[in-house]
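Okay, here's the structure, questions in a sec.
Just so it is clear, A, B, C and D label the chains in written order, and each chain counts residues from 1 on its own.
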């Protein structure tokens, strides 16, 4: 799988009930695909494990997993090795999300193994230093998400713009190629534009889209603003 | 979902690559269904998370999950609440497998919540005492699996028959209704018969079936022997 | 080590800074010893790992650990096997505290191994069912602590007396010998008396004593009330 | 606490019974102190939590903890915050040992907080990339220990010299100041010399010393060789 081209909008479905599952998940995935087609923005989705296969079959946009367990396939019960994700049709996985932190060694192991399996990795980090540390492991993308802002609707790009710019500076110093996303609290197209203006290539969003009254409209706004900002600052 | 009627054969697919995934998983599930139909034995399957939805659609036998995370739905990334399993079509879940042990409080919480969601629970235990302790939490089934025998091909019913009979005695003392399965090392129809003769209602099997040259023949042998033993000792 | 005789007051020092450490811990331990001597009540203390050796040398009352790791001694770095606690002078350990929950199998393993090492175990539980389940594992003491009341100052004996009486009934049904303590929210002598009146043999207390302006006075009040209640209801 | 001056010998006591505890631990600590005094080499010890206070009082060489939990002091039961270590007399702590791996974010948090508390940190890593990633977090020392060699008696400096030199190169690229130690399989003075020749400032050793027939002689040999190698290559 090739890296996603910026600007990028990754939609983490999380495990909201009923939004993240079944029919709701299907409609969300189709709306994301429609926005990708209509705007040209790279829109990727990260549904729950149990929804990956169905959605990877239903849509043509990239499907990520929300997590992978740092284990090889084999006598494992209830764990999700990277191979399981690939079999289900995922093209990559989020790693070390703030709600599912991993050991440093396991992040490095997963990133290396995913590369060999041609799976993309999007590694999350809570601080600029951790973002730079995981960037050293050479994932395809890193996302900086100060945990105290996740789910608050307060975008990191507004509340802590210096966290984003420090992340960009520090990450770039140690890894010039990695794609950098902004996460945490992104809730409008304006926030997405701010994130791109601060030097990142896109955003990782969850509740603002998944629980929106009209997820399509919300994603369309974000993608449109992302595009404009990208043309100006990208 | 009603409890499974004995004799019972639960097939844990684990995460063997490629056996537990994709086309292989589909064929395994169809063979299990065929054995159930041909013998009348309750055959249930427990595929990886990522395969549940596909297989629950493809077969009419009960599909279990290998595990559930002790969390409510919501802002969770890469975790599998019981609601995710139900949405995907599972009728129940294995809990506390030897490869995925859980905290005592979390087992009790999952068993109670699964009951309210009409999901069945099969709780594993490594010793008679732990089996009795989890039986007190009122799951639908308990399985005793001495970890040192798992995957060895040495059936607990032969190597440690007293572990099975002590489990049956102790579990029955504290919970007369729960279904009791034997796990660990079951690799032939003869082992299944021995497990039933020792007072349990069926078996939990993994590698002996999943990695068999002919899984259908292996399951047919196990189901046939289970039936004979059940008529004699059940 | 013989079991503690009721009524029992176990003081969990937790890790309050500076209260649980150094000079403060020493004074707390000495006050506990004084209360034990003056009232005849069994007062035991559970200081942090790093304080056990110093305090076990300084006082003659029983010193418990707050936790033990479910591992054998050997090539383990930063883990605390039961043998480490015994070497340091502890006579027992709390197991499965609400702030340090353990896997069901590990609780059973620790309880059995502690018995063989002549160490006492006090196993915590969050519900009557879990209390009965761990009581089956045959520890010396169980304590029921509804997590939502811990540290609130709202005693379980007042807020949820039925949790205490259900626990006593259910635990007694499965284990007639085990000592039963009440935890969570105990903050006065009156609460201790209520806990004993409801059928338990003592209490597990933390912040109300450790962070008290006068820990000695607080423990004396609790021990005195415990004694009175025990004479009446014990 | 100032950083240790090279060459450095850090002795991880682990949890060998009876070697790592009580009288044995005391004698080991005293022997380490004697070697430090006789050779001028920086010898530090890392005993179990329960032995820190006793040994910190008994010897004048630096006492490290084997681990710290990534938690603030407070309502924590059976966890070890950095403050507990400082109160017990430790001057620093090992972090992320191969037998006690931590989440990436927790390593960064511990390293930062230890710095503010004037505690030294020695962060372990299993690969050159992970060593460089943790070096970015600015600890005082990093140690590279390929897990497959730990406890084998096969020194990384011999079996995988390129792991050591790659680590040195990669770590230096991202953090020119950090002290670098070699761990895993170091069992003789010769191994220590090899580790220093490859560009590191010392070693982290456990079983070869702790379980030696004569720990003093073993440490003396290592310290003497370390000194010679340091004069030549340091």
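FYI, a residue touches a chain if its C-beta (ideal position, glycine included) is under 8 Å from a C-beta of that chain, and two chains touch if they have at least 3 such contacts.
Source: prediction; values computed, not measured.
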Open item on the list: Just to be sure I understand the contacts, which chains border both chain B and chain A?
Closed with: none
Open item on the list: Same or different interface residues for chain C and chain D, judged by whether over half of the residue numbers are used by both?
Closed with: same
TODO: Could you put a whole-Å number on the gap between the CA centroids of chain A and chain D?
DONE: 37
Task: Centroid spacing, where centroids are CA-atom means, of chain A and chain C in whole angstrom - done: 45
Task: Touching residues on chain A, where the partner in the complex is chain B - done: 12, 14-18, 20-22, 48-54, 65-67, 71, 73-81, 83-85, 87-88, 94, 97-100, 150-151, 206-207
- [ ] Spell out the residues on chain A that touch chain D in their complex, using ranges where they run on.
- [x] 96, 101-108, 125-127, 129-130, 132-134, 136-138, 174
